[in-house]
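There are structures below to look over.
Here chain A shows up in two complexes: once beside chain B, once beside chain C.
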Partner chain A sequence: MSAPKIRNFASLRNIGSLSNVSSLKRSTRFLPVVPSVVLLVLFLLAPVVWSFVSSFTDVSLSGKSARNPVWVGLDNYARMIGDPSFPASVWLTVVFVAASAVVGQNILGLGLALLMSRAGRAISAVAGIAVVSAWILPEIVAAFAAYAYFNRDGTLNQLLAAIGLEGTDWLYSFPMTAIILANLWRGTAFSMLVYRAALAAVPRDISEAALMDGAGSWQRLAFITLPVIRSSIATNLMLITLQTLAVFTLIWIMTAGGPANASTTLPVLAYQEAFKFGDIGYGTAVASVIIVIGSVFGIAYVRLLRQERP
Partner chain B sequence: MNPKGIRRRTRLAADAALAVVALCFVLPLLWLVLAAVDTEAGHEINWPASPSFANFTSILTPDLLFRPLANSFLLSAGTACVNLVVAVLAAYPLSRFQSRFNKPYLYAVLFATSLPITAIMVPVYGLFVQLHLLDSMAATIFFMATTTLPMAIWMTRNFIDSIPLELEEAAWVDGASGMMGLRTVVLPLMRQGLGVVFIFVFIQAWGNFFIPFILLLSASKQPAAVSIFGFFGQHGAVAYGQLAAFSILYSIPVLVLYALVSRGSGDSFALSGAMKG
Partner chain C sequence: MNLRPRLSAIAVAALMVVATAACSPGPGEPQARTLTVMYQKTDSFVALENVLKDAKGEFEAANSGITVELEPIQANDDDYGTKLALAQRSPETAPDVFYEDTFKVRADVEAGYLLKLDEHLQKWEDWKQFSEGAKAAGRADDGGIYAVPLGTDTRAIWYNKTVLQKAGIPVPWQPRTWQEILDTARKIKANDPSVVPFNMYAGKGTGEGTVMQSFYELLYGTGAALYDEKDRKWVVGSQGFTDSLTFLKTLYDEGLAVTPAEALDANVWKKVFGEWLPQGKMGATVEGSYAPSFWQAGGSYEWPGYATEMGVARFPTQNGQEPGGVSMSGGWTLAVGAGTAEPDLAFKFLTTALNKKNALAFDINSSQIAVRADVAADPAYQSANPFIKEVSELVDVTHYRPATADYPRISTAVQVATESVITGKQSPDEAGAVYDQTVREIVGDDKVIQK
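Moving on, here comes the complex of A and B:
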């Protein structure tokens, strides 16, 4: 990465002296970056700032405080700590991210990639298409399919009945299990693709040398493959955590956060407070918490990539 | 047992495991297909008593299908075009010219790729209300484009980085300006990369539900992702067969686009720009 950069720089200086790049040209050549800066500031930075600012007000969707919001200081945050639905929602978010992404998607994705490197080409391709299609479908379609699957009369209970087990109303009795499994189904393709690419880049001779030394396949996995792809594992964990933290549509369609907040993760809570109850101030306070959590992972992600390419 | 026998046994075990996983992943989609050809469809999977395309023909109306799909297309193509133009303009100087702002800007862009967009929808709604942009197709396109722009800039810069500088130098020596070098040398060389970015953004915009759900209010502007909600509950009884048929027609474009790109550049196309530094 660094070698071509140095070469670029040297050759650019040559060009500069050759064609006499004026200082005007030098200062205008970054002008094309401006549209991107404008869009990012207007539509990403401004909403983030607006989120933090209005989380200190009582701004609402309609009524008096819609036009003249009053500064309420830390009231929204105090309410958040006092309100039992907020800590519950944080806990559900942690469970959702940990179970469906960090453990589920990550391990299943790695497992699939490892299996594909050993299985026949045709079956690998078919399995790849099956896993990827759940991921590439529009999110609302995937959500409806998952809703029907876990419904009381749905496919899952039909299958259970076929082997003599009695099903249950999954979306009502076990909403978290249902959305965790649905998100596992929806998102595993990403980890699988990351790990397939990572495994393809593992040098064959290291693994073969270990095989010669008598290492079993589990030993080769633990002491060779996993250490070699550890940066892919770290990056993947970061990205799927961020993606899962932001999941809204799947949960909204399947359970709408219910029953009685039993599957209300933070994005669903922020939406409900802001749009269902019209309390934009409190909604943005919840949104600000998600932004802060996301930023922590975002910064970790940037640092991780920076370490990889000094 | 000899090594060859062990390898064959591992392969058979791997084949079997993959077949089971593939079946589990396909099962939830089976309902979509069977319900679409069943006019009496409910939540359960049933072999339809009399399979027919009646669900498909009954939704082939401007209100139910064509206008929502046209809106989806406008939204996605607009988003992809804005992304492409803005990302190429930004990525070119960032790749080719040295400045002390390059690194901080690129890291800010990388950081922005990880911002949870669903979290900022509440403040974005507030912002759109204040700027009187609610229910505006153009504003929604620009906002949607901004949510994928960081990734598009990052991918585009990687593509430009991989094009050797010597070709442009030759053009510069001949008196071309920096931007002419971009147009005459770089863009033609990265046509395939630009196609990948375009399709990547298009697929994301096409499938996005939450952003148009919040920002576009009138039914005449809503894309398929939001209008599909109409089959669901609001009219009392849910037309599951039509919902499934609509879902299939709405999903076909992204499946085709994905197949197109993954055949051209391998499975991990979406990650090629994102994962590699």
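Moving on, here comes the complex of A and C:
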């Protein structure tokens, strides 16, 4: 069936006049992207739409409403507002994203990139490998590594014991700090790579001119480098915010949201509700809130990007 | 003219469409008759897989032309349940026969996932071998039977004889009241403060372990219950609930159990089985009758000395009241999917997997308590491990979870109450009040009963 089709097109090419070809060009311009659009709609958009629609029903994993879910309108969202664990989760998510991504990964990544641009080739290569190795690990492996590090009998406490200090049970006493540090460790490489690329594109002549005018290194950073790489900063912030907002495996392996929900961010809450309690309707409602928060950040950063370009 | 690449892209797209069409089977082709079987498999749990492989061989030999497709799911209990439920949601992925936790049966029947087996069971010769309790394990609210158990389990106190003897406690040890547990634990602690005297799980970390192997032994020993089976209502405000929390608080506050931080680690049970009990660092714990499966040759924490080092005792009631002991039971079943195209064949496979030979192999290899009379009477079963007789007797004092669709949330509410108490966040009274409030929110005021 395919063979004749190809032959048809081949003959078209031979006999077609120029105008014929250009009209064919116009009408078939989007044809090559159709498969990818279909795949995107099928595998990305459809689940999001399904999840959003489900959040208005009482669909569940088992029980009466598993196969015959009922439309419940805004019930799930109303329940969310009345549920004390929901605002707590929102707050923990904001803390997690702000501390580990917006402040942590972003500033540490920029700092590392700046230092590496000044350091010798060997040092910057070694430092680069050390930082990036955390990032190339699959998330599940990184999560177990972090668990092994912060665990009661873990590496951190052994190191502390070696210098005569007594550690504590970090995952129990400081669960948020532990997962923030773990995410910082895992994600900094990404920001570092983005900023290294951005810094390489800063024209040397501008900073040299500033140097001639007597600008110190902090002044050059604040008035030359940062303004030049502003759009990279905004792009980086957007990407790491969205990535961190969705972090699940790391937290689930390290603390499973505990103790006593002290590290239950929104993705963990959504998972618990949908799969542990089988309440898919409520779980998808929480997931929809994550999407809304993500889009708010996304829109804010996109606007930031737009304003920069005169 | 950049036409050539574009045309080849179109050609590729066209080819893809053709290829996709070629993949789906045409009408009229004779369809191979297959049965899909979904079950759980982990590194330390292959007993079921072995049994099902044997059953597949037997079944295919006896029914030519039929293929049994085994679909193992590598996951822990919670995730297995989730993945099974997700597969059951769609008729395309729903298995014909599957491994089903007894406490999910009622909810899954309500969801319409399970096939009613009453008619098939009547014609099955072996059905009379199953004990009445075992038959009830697969019964739903409508009285019909939807699942057939592979085995069951009970919970008991497992204690290290050497640790107890060092503290001057005579073995065999059998506490008759809660107070006697505390007295013994305090003696062990006084003798050697580095030992964990008497562990009971608490908190959300150990999940169902917290309720099945700790809290319910306490609660059902006070005369209270979680659920009123007669009125079909959840019990709130009972004195037994608060008393049980108080007992846990005492254990944790006095350092008689593990530290709260250890208790909240989901992996604490691995240390109990793998380190503390074998190394004599723990006096006793409450655990399932399947405990020997971890220590037997081939188990996750092989310990040849367990048969002589360990002892087993029944968990006492609060003040020694009748019936003098408490246990909890669960267990797993095989069930047939409601949407199966081959109900007769599926049931036939189920009976093959559950015949005497296969049930015996499963019960021995995973340290389950037999539910078939002929398996229980088999010498190989009775000598499978040194504790089988004692833990089997606990069936007389055992309880089952009220496995309604609301149960997972209620169970979590109980776990939260224990966690709040052992971490000192709330007093037993406060935690009990929070639990009552949560239950009311989950099931509604008309489904609770004040006791």
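Here, the second predicted complex is superposed on the first by the 271 of 310 C-alpha atoms of A that agree within 3 Å, B and C clash if a C-alpha of one lies under 4 Å from a C-alpha of the other, contacts with A are read in each partner's own complex, and residues count from 1 in each chain.
We take it that a contact is a pair of C-beta atoms (placed from the backbone, for glycine too) under 8 Å apart; a residue touches a chain by one contact, two chains touch by 3 or more.
Since the model is a prediction, treat every value here as computed from it, not as a measurement.
Participant: Identify the partner contact of A:163: answer first if only chain B is touched, second if only chain C is, both if each is, neither if none is.
Facilitator: A:163: touches no partner chain.
Participant: Spot which of chain B and chain C makes contact with more residues of chain A, would you?
Facilitator: When the residues of chain A touched by each partner are counted, B comes out ahead.
Participant: Quick one: is A:212 in contact with chain B, with chain C, with both, or with neither? Answer first, second, both or neither.
Facilitator: A:212: touches no partner chain.
Participant: Contact-wise, after the overlay, does A:260 reach chain B, chain C, both or neither (first, second, both, neither)?
Facilitator: So A:260 only meets chain C here.
Participant: Quick check on the superposed pair: does A:32 touch chain B, chain C, both, or neither? Answer first, second, both or neither.
Facilitator: Both partners, chain B and chain C.
Participant: Could you say whether A:60 touches chain B, chain C, both of them, or neither, answering first, second, both or neither?
Facilitator: Touch partner of A:60: chain C, not chain B.
Participant: Name the contact category of A:139: first (chain B only), second (chain C only), both, or neither.
Facilitator: Only chain B; A:139 stays clear of chain C.
Participant: Thinking of the overlay built on chain A, is A:172 touched by chain B (first), by chain C (second), by both, or by neither?
Facilitator: In the superposition, A:172 contacts chain C only.
Participant: Counting only touches as set out at the top, which of chain B and chain C does A:278 meet: first, second, both, neither?
Facilitator: The answer is second: A:278 touches chain C but not chain B.
Participant: Which chain A residues contact chain B in one complex and chain C in the other?
Facilitator: 1, 9, 25, 32, 35, 152, 275
Participant: Can you list the chain A residues touching chain C in their complex?
Facilitator: Result: residues 1-2, 5-6, 9-10, 13, 21, 25, 28, 31-32, 34-35, 60-64, 66-67, 152, 169, 171-173, 256, 258-260, 275-279 of chain A touch chain C.
Participant: Give every residue of chain B touching chain A within the complex, in rising order.
Facilitator: 10-11, 14-15, 17-19, 21-32, 35, 42-45, 85-87, 89-90, 92-94, 96-99, 101, 105, 107-112, 114-127, 142-143, 145-147, 149-150, 153, 161, 165-166, 169, 172-173, 175, 177-179, 203, 206-210, 214, 224-225, 228-229, 232, 240, 243, 247, 250-251, 254-255, 258, 262, 267-268, 270-271, 274-275, 277
Participant: Name, in rising order, each residue of chain C that touches chain A in their complex.
Facilitator: Where chain C meets chain A, its residues are 1, 3, 6-7, 9-11, 13-16, 18, 78, 82, 85-86, 89, 104, 107-108, 110-113, 203-205, 259-262, 264-266, 405, 408-409, 412, 416, 419-420, 423, 425.
Participant: Note which residues of chain A are touching chain B in the complex, please.
Facilitator: Of all residues in chain A, those touching chain B are 1, 4, 7-9, 11-12, 15, 18-19, 25, 29-30, 32-33, 35-37, 39-40, 42-44, 46-48, 50-51, 54, 59, 108, 112, 115-116, 118-120, 123-124, 126-128, 130-134, 136-141, 144-146, 148-149, 151-155, 158-159, 185, 193-194, 196-197, 217, 232, 235, 238-239, 242, 245-249, 266-267, 270-271, 274-275, 280, 283-284, 286-287, 290-291, 294-295, 297-299, 301-302, 305-306, 308-309.
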